[in-house]
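Letters A, B, C and D mark the chains in the order given here, with residues in each chain numbered from 1 onward.
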């Protein structure tokens, strides 16, 4: 792709990453922090995608595949994180009425 | 048996076992036992292969790097695999008895095995991989397995610890992955040995190295990125704490070594090396002091892990930038193996005391020898290795590090090593005193299944005697070490 | 490793395995435990006898394997080690017997005797170490295995004593480790060989070697209770009597003294040490310790405390002998290694009997104890007179050689030290004997017929060791005496 | 640094900006040309058994990554199921015939699309993950519609289906090792078939996994009193 666009895309990744990083440290609510992680992730994937697009002719399949893998992994992590958050919430509520964490 | 089959056993046996353990929950324990047997067998064969054949490379899929992924087994990898096999085997024996007591239902207990076996898979894969993206995948597998295991305890504290651990671990992985991206963008390869040739100084590589190191330091819980470790390791079930302290944190450290001494060796400036050492020293001090004042036994042991991890990082300044870094290199890694065994034994014995007297507040430990002489003995024996008394493996490691520090005239590391030993002695003794105090009547206690006491004892004996095998370990570590075989030995 | 190698190994394992098995025994199986203890001790004695015989006929016993790159774990028996190993083994036998009697009915006996055996394993290991690393290994092992004995009673002051014991010895261990590593860096793996290994480096590494020597003396001096590193010794007195006996006469303090001897004669070599000019200061330190210990002993009313300070001073005779160059003083120092052990253990056995039978812990309570416990008191008296240096008892021989050595090497001032300390010895022992024999017992303590005065297991050991004191002194010039053996060593150290 | 205080936020902001600056500095320094590896990947495409280079990387060149990736998927489900019991949407479609008939129409289409994506993956963008996403969507619909009650009863089957992908993939790895002497090295010529087989199994597991993650917990009817 044209040089200018490439630079644009190259910048987009780091920007998203930095935004995610900032809110990960600033936000307190679990859901927001999980989202922040995902934003960071998207930033990284965008960088990979840009690297794949450097080639003028055919795209570089290797970063492509890595992004795919990365996305799946982050989906899994998010799923686990959400379940954990859910369970933690239940535990908090339980503690409010003094019971042992129910599942 | 050909290399392919060894690799298949090491990587696929735990993986398949994990999947089956998920599909057939009731079979988990037996699958784990089978895995332990298979993996141990494979490790022994691999060690033999490496010792006489040198570094072994298996090209997965038959495509050589950079297109494909290479599995590389050098002495270091074999050592780590062996440690993982030993710890994994012991936990396999220990866990059922412990879980039977701490988790209410059969169903809950069965849930331990899939993540445990996945953890084992991740470790084996991590130690064998020579591809930095593949290493990222193993890191994620490792982290998710570890988090699931911590959460298994089900108590609120454990859940919170797991949550924090997950956040730290995921963001660390992303930092690492970003670094991988930059490396690929710069060098067009992900293979460590190719990187060693292609990587050179430059903005992208510097930043990449910084990002990856940052992520890995967080995973290795090096001070000041250790804050997540004590709650996680102290609140998890004892066998899980053992796995985390002895193996999981080492994963990050292992990749760090692979990067700095192989893939990115061109970028390791003396200043950077010293920085790692300084952080290590800080970790020793901070971890030891916290251990010294910890209210609960498992917290003490967890902080001791923070401190002991500091020692590992001393090997970086002592081994970097010299023609014979091998002394420090082997010292640090022998220390790592010894710490793995000793720390596992410690957590397991702590678990026994917890099990027997119901709590692990240290001031309630008085006269625990009345109830659990074996476990107290185990704790003391593994303590010997942590302190570094001969002939323990801890001593062998510290001796080599000390020799390297003196040989290079870096006296501040000499002081750090000795001071750290004294601090370790202080917090180990702190516990032992309670074991010897006379009490009117022995504490009310539940009987502890023998398997729980004997497995822990066996490990502590191993740790205490590991010094005698240090030469063997050094010979193994020589294979594929970053230094030419000149100046071998001479500690 | 041939059959010869197996003997030093066997000497260690004979007590090591005994210890492990004893741990496994349950608290109530007293008979079996006692049997095991005595079998182990006897076996060890037998092996040591073989060793003695062999060394005397110039055979060599050695076993070693490389356990760190370039570092060997090595056991060997030379004349020096045999001196120490024989002493500790013989005394261990009697201490075990004594301990069995002393601890009847006490709790945790399996734990106690287990560590007791491990402790003597470590001691014999120190004696048989053939290089510095091995020495260091057993030196640390000794720390670890004696700690449970010191805190055995588990009372607050016992724990306090244990705490200070560990504080001193662990720190000392760290210093020693540093010294060993440093020397290893300069000369490579350090084996114990007569006349030392540092000769080639005396010129090139003068400063380093001096500093290292200081570190060695600090690291080992802790166990040898050199002033000012002696603080733990009196506090460790809370331990049961057999333990005190073990600490003072057989294991810890002795190991320290032996270690210093090793460093001077077999690591540095007395000639090199003299060339480095480190012997003089050591001799001074030893003299200060001697005077200091004796002086404090005079003012102790607690019997064991008084004996403790007496140990502080007496052990430094050995160091003093090593600190003065010349065969005669060396002889005096080395032979005192044995003599002090014999006399001091007798004294502790006696003190233990008084405490155990009559509940006497202080000197002021000892009036007329001689009538109630004539045999114990007699043994105690022999040892005490020996300590003072009354001919022809053991102590006299040591002091005599030290004196001659000092004169020969022109250090006249040492004569004053010896004289002064002997007077002080008299000053803190004679009052005890006076009270015991001449003062009337307090009302209500009846006389008991001899032989029944206390349990035979408590009575036999002091009598036997007292006999040894007389033998070592009276038959000093005979071929079958510690002195004869020491002369053999000295001949080899200074010989052509 | 506590994010509560304003100072904390400012500090973190500065930190993030610093990070951003460094990253920009780094990425702008990256070489702009295609990596030499890209060319290599294209060149050896014929040996890979597929013509879609991404699929070639995913399931042949770097199939090992993908195997571990499936392991991560399975592990996520195992972790989630260990954590809590899933909360079932109160789906009841009686009296909502329209939705019901819509589903009856949509679900088969989704299935079909998934299959198509799986097949096309060999030549063009597509493959097990895209197809799996379709199945996952279908699973979510089924859950929302409250039609997944069967899963409650047949958890055994469900577990088997979830583990299927890893098991088949690992099996293929071993079989390949037996045939060619190297893990995951598919016999030349039939590589395409092997890949299709693995992907088919992966498709099922991925779809089920996404559904399970959406459910966010155990199906529940399991033996565990503690659960």
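Going forward, contacts are C-beta pairs under 8 Å (C-beta built on N, C-alpha and C of every residue); 3 or more make two chains touch, one makes a residue touch a chain.
In this text the structure is predicted, and so the values were computed from the model without any measurement.
Visitor: In terms of Cα-based centroids, which chain occupies the most central position?
Guide: B
Visitor: Give, as an integer number of Å, the spacing between the C-alpha centres of chain C and chain B.
Guide: Distance between chain centres: 43 Å.
Visitor: Determine the centre-to-centre distance between chain A and chain D, using the mean Cα coordinates as centres, and give it in whole Å.
Guide: 16
Visitor: Would you mind pulling out the distance in Å between where the CA atoms of chain C average out and where those of chain D do?
Guide: From the centre of chain C to the centre of chain D is 73 Å.
Visitor: For chain A versus chain C, what separation do you get between their C-alpha means, in angstrom?
Guide: Averaging C-alpha atoms per chain gives centres 69 Å apart.
Visitor: What are the residues of chain B that contact at least two other chains?
Guide: 133, 137, 140, 144, 147-148, 151, 178, 182, 184-185
Visitor: At which residue positions does chain D touch at least two other chains?
Guide: Within chain D, residues 23, 27, 30, 35, 37, 41, 61-62, 65, 69, 72, 75-76, 79, 83, 226-227 contact more than one other chain.
Visitor: Would you mind listing the residues of chain C that make contact with two or more other chains?
Guide: As it turns out, chain C has no residue touching two or more other chains.
Visitor: Name the touching chain pairs, please: which are they?
Guide: A-B, A-D, B-C, B-D
Visitor: In the complex of these two chains, what residues of chain D are touching chain A?
Guide: 1, 3-4, 9, 12-13, 15-17, 19-20, 23-24, 27-28, 30, 32-35, 37-38, 41-42, 53-54, 56-58, 61-62, 65-66, 69, 72-73, 75-76, 79-80, 83-85, 129, 209-210, 213, 216-217, 226-227
Visitor: Help me check something: in the complex, which residues belonging to chain A touch chain B?
Guide: Touch list, chain A to chain B: 17, 21, 24, 30, 33, 37, 40-41, 43-44, 47-48, 51, 62-63, 66, 69-70, 73, 76-77, 80-81, 84-85, 87-88, 91-92, 95, 101, 103.
Visitor: Taking the touch rule as given, give the residues of chain A at its contact with chain D in the complex, in rising order.
Guide: Its residues touching chain D are 3, 6-7, 10-11, 13-15, 17-19, 21-22, 25-28, 47, 51, 54-62, 64-66, 68-69, 72-73, 75-77, 79-80, 82-84, 86-87, 90, 103.
Visitor: Within the complex, which stretch of chain B touches chain A?
Guide: Going through chain B, the ones touching chain A are 133, 136-137, 140, 144, 147-148, 151, 154-156, 159-160, 162-163, 166-167, 170-171, 174, 177-178, 181-182, 184-185.
Visitor: Can you tell me which positions in chain C touch chain B when the two form their complex?
Guide: 23, 65-71, 73, 108, 111, 133, 136-137, 140-141, 144, 148, 151-155, 159, 162-163, 166, 170-171, 173-174, 177-178, 181-182, 184-185, 188
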